[in-house]
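What follows is a single structure, and I will ask about it in a moment.
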Amino acid sequence: MGNWDWQVYLQDPGGKDPTYLQWMLSAWGWTISVALSALLVALVVGSLVGILRTLPNSPGWVRFGNAWVELFRNIPLLVQIFLWYHVVPAIFTPARDVPPFILVVLALGFFTSARIAEQLRAGIQALPRGQRYAGMAVGFTTWQYYRYVILPMAYRMILPPLTSESMNIFKNSSVAFAVSIAELTQFAMQAGEETARPIEMYLGVTVLYIISAMVINRIMAFIEKRARVPGFVAAGGTGGH
Amino acid sequence: QSNDTLAKIKASGSISLGVRDSSALSYTLGNGKYVGFHTEMGERIVADLSKAAGKEIKIQYTPVTSQNRIPLVQNGTVDLECGSTTNNATRAKDVSFAVTTYVEEVRILTKASSGINGISDLKGKTVATTTGTTSVQTLRRNKRAEGLDFKEVMGKDHADSFLLLESGRADAFVMDGSILAANASKSRNAADYKMVGEVLSVEPIACMLRKDDPAFKKAVDDSIKRQIADGSLAKLYDKWFLQPIPPTNTKIGLPMSEATKQAWANPNDKPMEDYAAK
Amino acid sequence: MNLDFGFYNWSVITDFVLKGFYFSVFLTVVATLGGIFFGTLLALMRLSGKKWLDTPAAIYVNGMRSIPLVMVILWFFLIVPFLIGRPIGAEMSAIITFIAFEAAYFSEIMRAGIQSIPRGQVFAGMAVGMSYRQNMTLVILPQAFRNMLPVLLTQTIILFQDTSLVYAIGAYDMLKGFETAGKNFGRPIESYLLAAVVYFVLCYALSWLVKRLHKKIAIIR
Amino acid sequence: MAEQMIQIKDVSKWYGPVQVLNNCNVNINKGDVVVVCGPSGSGKSTLIKTVNALEPIQKGSIVVNGIGVTDPKTDLPKLRSKVGMVFQHFELFPHLSVTENLTIAQIKVLGRSADEAKTRGLKMLDRVGLMAHKDKFPGQLSGGQQQRVAIARALSMDPIVMLFDEPTSALDPEMVGEVLDVMVGLAKEGMTMMVVTHEMGFARKVANRVIFIDVGGRILEDCSKEDFFGNPDARQPRTKDFLNKILQH
Amino acid sequence: MAEQMIQIKDVSKWYGPVQVLNNCNVNINKGDVVVVCGPSGSGKSTLIKTVNALEPIQKGSIVVNGIGVTDPKTDLPKLRSKVGMVFQHFELFPHLSVTENLTIAQIKVLGRSADEAKTRGLKMLDRVGLMAHKDKFPGQLSGGQQQRVAIARALSMDPIVMLFDEPTSALDPEMVGEVLDVMVGLAKEGMTMMVVTHEMGFARKVANRVIFIDVGGRILEDCSKEDFFGNPDARQPRTKDFLNKILQH
């Protein structure tokens, strides 16, 4: 493909960012903001839903949790983002004034929450049944044995899939360009078009994505190391995007 | 790859024609059928090429997007793109353009009831444009130059941008006049929308082809000039802009602009920058 | 806001939606089969214990897994024509991209599947005199496939959803079909809503089947 | 008359259509050491788990120390905190150190202060001979050690009765002895115990009653140890068969 | 002079820095039944797996039936096909029916015809008393049945020697007997056997030699059964300690 032209990064795109390089960095900032906010939503909602699905003797909650998971994981993320951005405000007008950033965070967060809920449920159910019995047998209430026995181990066990989920959320944030968030992929497409230098732009953006993925991976590895229980060995999980 | 497109299409007996899915000048009816002012003009160019080659050249329609059209032309996927591509200096470094066949005027589309009548009314308003088009760049430059402060939202394509206007998320949609007219005409209440105010910029639209292939460019240009000269292009304009068109049989209703008339009077391939300097 | 689905008659569906649906399904099937084939090869490379096989496979898999699919799609669209020296259409490009991309994901699933086979099974195969190849094809891989079938199919459902991203290069998939129909009739809201419903019904039905299968497998084991 | 500690009355239980306990009746007095044996899948674990309502039952009633386990008004966590339970797979909390395993329920359930809980817990740990391991995690201990910690954990709650579900069957043979020794000690001190086990040596040494359950969850034998081992002719054929199998080698 | 079947000479093995076999020497003659015992983690499984090179060794040499196991030129699959092996967790192929489990290696490794393999396999299945289960899958059998199928699988290959790695320790107590019975039968017919087990009853009944390995992989005892059980004073203190533990209850 031959002749590179890295100078394009120093050209003036004409907007508020003086160079394409600075524009790209600000786009990276948007990617990070979208991803981290959505991750927060996903963790909170996903944990809640995941726990609901494992509660003993609460068929209502279990059904609600199952419905949540099925709804949000069986529609493509892109379509879900369109639903939040276009369809919801058309039916429910005040939603029109909600900034797209929030809508995207909710869309991405809920989409991912379904997957985290599923992992947490699997993690909880993969714990030996005896652990639940042991918690009950020493006199813990349901809330107490979740808090002190089940959840600490379940979260540790799902750290590997949570790591890939956190990396996924960064990658999936790329879909946000479809609704006017000025993140990396939108930058790549727009700047690639304006400068007619798509390869250089794609390369820069790809490198930033890889850096983001690696940083998240390192952070999660650190958490995993901190949370490691001496002497305890467990098998990991896999799958998904 | 070789830069002799004429030889290539003659040898293979087919040409890859770049078309668009949903622009005013080129769009799809589904089922692999592509129509529109520029698409039909492209078909006629190919007919002329067939005549010159002395054999039937079949058209392979290749839908492109604004993000991929230039690489596709460069890498040979598309031989001739007749969608709605602005001829500007940056692009001219990578591809070459046939003579201008349509001069686009960037305009403001707004709801009739919005009270916006020109660019100065956009202050403090939200303006929609489309990712991967040059109008965004124009708008950005204007914004900085004139200290006009408005919010910008970007649809992923024109229909999306129009939807932003329709749903009230944006107060105005700034884009090529033909696109604005087409989108408004297809909407449920076409009468709710109006194009207002001054022309923000003028953009020559032309068919795009590979760089450094003068013979091919000449063949394409000659065909276009013929179509202008014998009046068939004007008939085509009438068919696609003033008569009801498929699939919904509504009229775009956009009479030919002065700028377009001038371009036809003096066929040329000047880039957008030359228009602005005027 | 009044929704009006009236324009969705059979001819709109055949003209716009079905073509995209066929492509989405075709892409899913081809990418699943190709992805599993190459993914298994990659997994075997990674488990070979030979550095010169493991390292390139690891770089490929981890590289693919840290880039958004949209970017991978854009990349392949840009560079595949240069690599193979002739132009290809958006659809062909999407097929190559998805096979290459999914191979990375399927390889991780197959690797986990192979590793989930107890070491004792490997020993048992060796102990009755099987060669490495026989042990792999007769003992390990059949079990790995069986154990991982639900995960492989779940990945396939995700893959089906991900085909919606090919619109980035203008390939005509099911979502594109709905969008185009919506645009042409000025009814995008209804189209998106309908697209969501159709995706949901298809994916939910598939995941329901996977769950049934999972239960069946659990009984056999 | 001996004080009644556990009364299991006409208890039946089903998993879906499958009956796993069939009209079981057992009375255990204070100080009794009752060994429960029977073939795999006969419902031994299920029976012992019904005593502190870890498994619900569909028919019958269970009373522990005067409190109705099956009574909906009963505060189950409170009842369970008084019933010590030891599991086949130890079920220590793997993310907590040995000391934390011993104290957490004392603090959170009984409301003891951290200091008080620690004193009590370590006393029990000392008793099972593992004081040196108080700061380790379960995963760092051998199976036999983990099981002894599990016994100490149950004892720190000052239980009035102890339930054991095959406490030695997941252990390597050399570790079985160390756990049984602790249990023998407990029995000798007068702890009321219900023990599911195949260790007939233990039964011979300390049980005062042996119960045999057959597949389907029916209690076939409930008799004194002397009778069970000493009087084979009075036994049911199924029991003799079972005893033959497990005592053969 | 007895024919030599297995010669283990000066064998040492390390996992990383940890030594798990320490200069082991064992000679097994044709027809010998050698029981290997020792505490958990002492290297019993590792030792027995080195015999058919399932585990590589770093020092020493092993010869089976005159063929050097550690010789790089040896065709290991061929050698292994002549050495039957039975594992603690059975390791039947779960995706194959019982009959397929018995025939697959005969067909793919020995090159027998499907018919021939089936005849041979079913004969062995009959011998372990499971003819009725020939079309079932392993998951549908009890542990004891699975282990007997595993023995039949090994026997269908016409092995010249059989290796057993704790064949009964993953079984419910009532099933131990049925597996040991099959093994006793084999031993009585003169099969050369090397058996890792804690079943001292089995050792007493049929072993002609007992080997004791201590943690760290050192062979502490290698003597006749009579000596091992009948002459405690001649034993090492570690051995006595171990025997005490596992025979206590």
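Letters are used for the chains, namely A, B, C, D and E, taken in the order the chains are written, and counting of residues starts over at 1 for each.
Criterion: contacts are C-beta pairs under 8 Å (C-beta built on N, C-alpha and C of every residue); 3 or more make two chains touch, one makes a residue touch a chain.
Please read these numbers as outputs of a predicted model, since none were measured by experiment.
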* Quickly list, by label, the chains bordering both chain C and chain D. => A, E
* **B-C or A-B, whichever has more C-beta pairs in contact** => B-C
* In angstrom, rounded to a whole number, how far apart do the mean CA points of chain A and chain B lie? -> 38
* Structure fact -> Chain-centre distance (mean CA atoms) for chain C and chain E, in whole Å, is 45
* **Between chain E and chain A, distance of the C-alpha-averaged centres to the nearest whole Å** => 51
* **Centroid distance [mean C-alpha coordinates] between chain E and chain D, Å** => 36
* For chain A, jot down the residues that touch at least 2 other chains. => 86, 90, 93, 177, 189, 198
* Set of chain B residues in contact with two or more other chains -> 67, 71, 160, 163
* Multi-chain contact sites of chain C, meaning residues that touch two or more partners -> 74, 78, 82, 168, 188-189
* Asked: Where do chains touch, given as pairs?
  -> A-B, A-C, A-D, B-C, C-E, D-E
* **Residue ranges of chain E in contact with chain C within the complex** => 49, 52, 54, 77-85, 87-89, 91-95, 104-105, 108-110, 137, 139, 153-154, 157
* Asked: In their shared complex, at which residues does chain A touch chain C?
  -> 1, 70-71, 73-80, 82-83, 86-87, 90-91, 93, 164, 167, 170-175, 177, 185, 188-189, 198-199, 202, 205-206, 209-210, 213-214, 235-241
* Note which residues of chain B are touching chain C in the complex, please. => 1, 16, 21-22, 27-32, 62-65, 67-68, 71-72, 75-78, 159-160, 163, 186-188, 247-248
* **Residues of chain E touching chain D in the complex** => 39-40, 142, 169, 172-177, 180, 198-199, 201-202, 242, 245-246, 248-249
* In the complex, go through chain C and note every residue touching chain B. => 12, 14-16, 19, 74, 77-78, 81-82, 85-90, 168-170, 172, 176-177, 179-189
